[in-house]
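Okay, got some structures for you below.
Here come two complexes built around subunit A, the first alongside subunit B, the second alongside subunit C.
On to the complex of A and B.
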């Protein structure tokens, strides 16, 4: 179990959000910024900061999920290493087989896959 | 939940900024080789780094009005200096007025930063984090009988000299704001007409390439067309990055230097010394 200090994230100096965060991390294998924000009440920036802290400490794998705006209800068409950034264009969507030529045809989200058991401390 | 590319980039950058602010490693040094900063090489951070504000937009509008009329109370040079300063102030990481100083009459602005956004700007511009000062000189020269209104080779060389001699260890980038550009450079509006294939260098542009070849430093020129684009988010870093890349692209090309070197007789005030020696 790896202990990660959130001393520089003042919102989590309070016990309640810290417990909510640890509960979320305990039950979820994969974490997304908006999930952390909703579960704990922190801002999206803080949620992303915490997840990036884990990534920088090699405790999670970080992915950039790529969605095709023509069918946002479908699963992501790509899951790229966050280090690689958005995909180069054009390319063909595996779901609808249409060619994607412009950046505004795509949307994104982030996914962090746990590689170790983690506990956050204040 | 899904985000546009610019939203996703902003979320990522703000998260990185939070992590960096919680780290005691940002001690005037780039966080590289930490993974977080290498991540950003594949993201377009320009629109996060540069957000033009209303003050800049208003002064660019005033500058355009001045260009149309060329009359009024505005001092042309000061107006261009304001546009230059205000555009750099719109960069994240540009710190307070302590960040720049009027160092000498010869140049206008010495701009630096020490926070993460400024380091990210340096990364975006392919410049080393330890030399994160930018020297900016603004010129609003008039066209006249004996002047093209463009920064000439002498003026260009002076900024090169300042960069090399006064800021050797702290700066790799000099920037001219010049309404008509500099001598030897193609105009921005003509840049799509094959200037990337141009093989003949002369005047200030020859100095630019030679200076870069010798020192690895860059001096670039923003002209009237570039200034118009400064009202758009992301414009300034993109313009600077493109101009830095243009300088790089010249490297390795077979070049001609069009200096019109031709042998002439020594002028009388020098000839007399040669004649004296020969006697």
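On to the complex of A and C.
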């Protein structure tokens, strides 16, 4: 079990959000930033900061999820290693079979997959 | 053609324009009746008749014209809009912008109008911002596509350390291809953030979006959900949850209606209950308690993007809204910024807004000492 200090995240100085966060990482194999934000009440920036902290500590693997803006409620069309960056254009969407030519046809989000057991401390 | 927005079909100005504006969906029959009442006119008329009689007061520059314009603007602002987004922080000034009478007697320009005092909201200072949108229509007797403009109005309300933007939604054909298929939802998410930036520049505001997910799922949840004086009713959730595998299907946005999510919770609880009984000869105490635990887990820990619930007391709706948490700021979608779709049929939007603001104030540590000076109506 790896202990990670959240001293630079004042929101988690309180017991309750800290407990909520620890509960979440205990039961979830992977996390998206909005899941952390909703479960703890922190901002999206704080959630992303915590997840990047874990990534920097090699405790999670990070994926870049790529969505096609024509159907945002559908699953992401690609899941890439975050270090590989966005996909090269053009390419064909697997869901609608349309060719994607411009960056503004795409949206992005992140998925962090747990590689170790994690315990956050204040 | 029946779209719920003001389509500028004719080149008009003066009281002729006003008549078309009053007939448009920006005013409902009830609002026109109230305006007529305030102007001492008969109310038992059809919408177009009400619009004509009100517009007739605007024919000539006079005291009556000024008074009628004042009433129209007052009711235009006072009418519940349904959609709202809010930011909190510090708002040092209330600028004087364009005269809103231009919006009654003509189409106006894409700029802010106000500040305006509203008789039913003495604490807020209001501004109005028109946005002009292309709208494509195919006449019944033709295959040609006609292009009109829609004048959509966005309303800004400033009170203390809060700026809220209010608007009515609608469906329209914003592109030629859409006109051939029908209509699509007006993509307000492409406009509201930019309109916030404008009003913030004008007011020198330093504000941030209200944290709606913390407000709804922690603050209000803890205060009201298990308080027997209130009825908290889950209505709908939209969520995106990560999967277990590394596949491209890791995120799926799913939407569950009220009955669906409760049924899901009960199904899970029933399975656990059955397993305890058959394998361990043990009963689950307080099954409804466990339904609530599962429900809470689904709503709070499964990546909710938006959530709708209603809060009632003694049969009266205090709050009912679908809250979009804005947790996908980089997406070109309704999840890109925090906002609320208020169910105004049950409770006026300003009343629900005050409920939200009261609870935000309990959490916030902003400077509340500045209160904007409201100016008399034009």
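By definition in this document, the second predicted complex is superposed on the first by the 122 of 122 C-alpha atoms of A that agree within 3 Å, B and C clash if a C-alpha of one lies under 4 Å from a C-alpha of the other, contacts with A are read in each partner's own complex, and residues count from 1 in each chain.
We adopt the following convention: a residue touches a chain if its C-beta (ideal position, glycine included) is under 8 Å from a C-beta of that chain, and two chains touch if they have at least 3 such contacts.
What you see is a predicted model; the values in this text were computed from it and never measured.
Legend: residue contacts after superposition of the two complexes on their common chain; A:39 is shown touching subunit C, with no touch to subunit B. Of the two partner chains placed by the overlay, only subunit B lies in contact with A:8; subunit C stays clear of it.
When both complexes are overlaid on chain A, the residue A:51 reaches subunit B alone and has no touch with subunit C. In the superposed pair of complexes, A:114 makes contact with neither subunit B nor subunit C.
In the superposed model, A:78 lies in contact with subunit C only, and not with subunit B. Touch criterion met: A:31 reaches subunit C, while subunit B stays clear of it. When the shared chain is aligned, subunit C comes close enough to touch A:63, but subunit B does not. Within subunit A, the residues touching subunit B in one complex and subunit C in the other are 32-34, 44, 65, 67, 72, 104, 107-109. Of all residues in subunit C, those touching subunit A in their complex are 211, 213-214, 217-218, 240-244, 246-253, 300-305, 325-333, 335. For subunit A in complex with subunit B, the touching residues are 7-9, 32-34, 44-49, 51-53, 55-56, 64-65, 67, 72, 82-86, 103-104, 106-110. Across the complex, subunit A meets subunit C through its residues 23-24, 27-35, 37-39, 41-44, 63, 65, 67, 69, 72-79, 94, 104, 107-109, 111, 113. Considering their complex, residues 1-5, 7-8, 11-12, 14-19, 21-23, 34-36, 38-39, 41-43 of subunit B touch subunit A.
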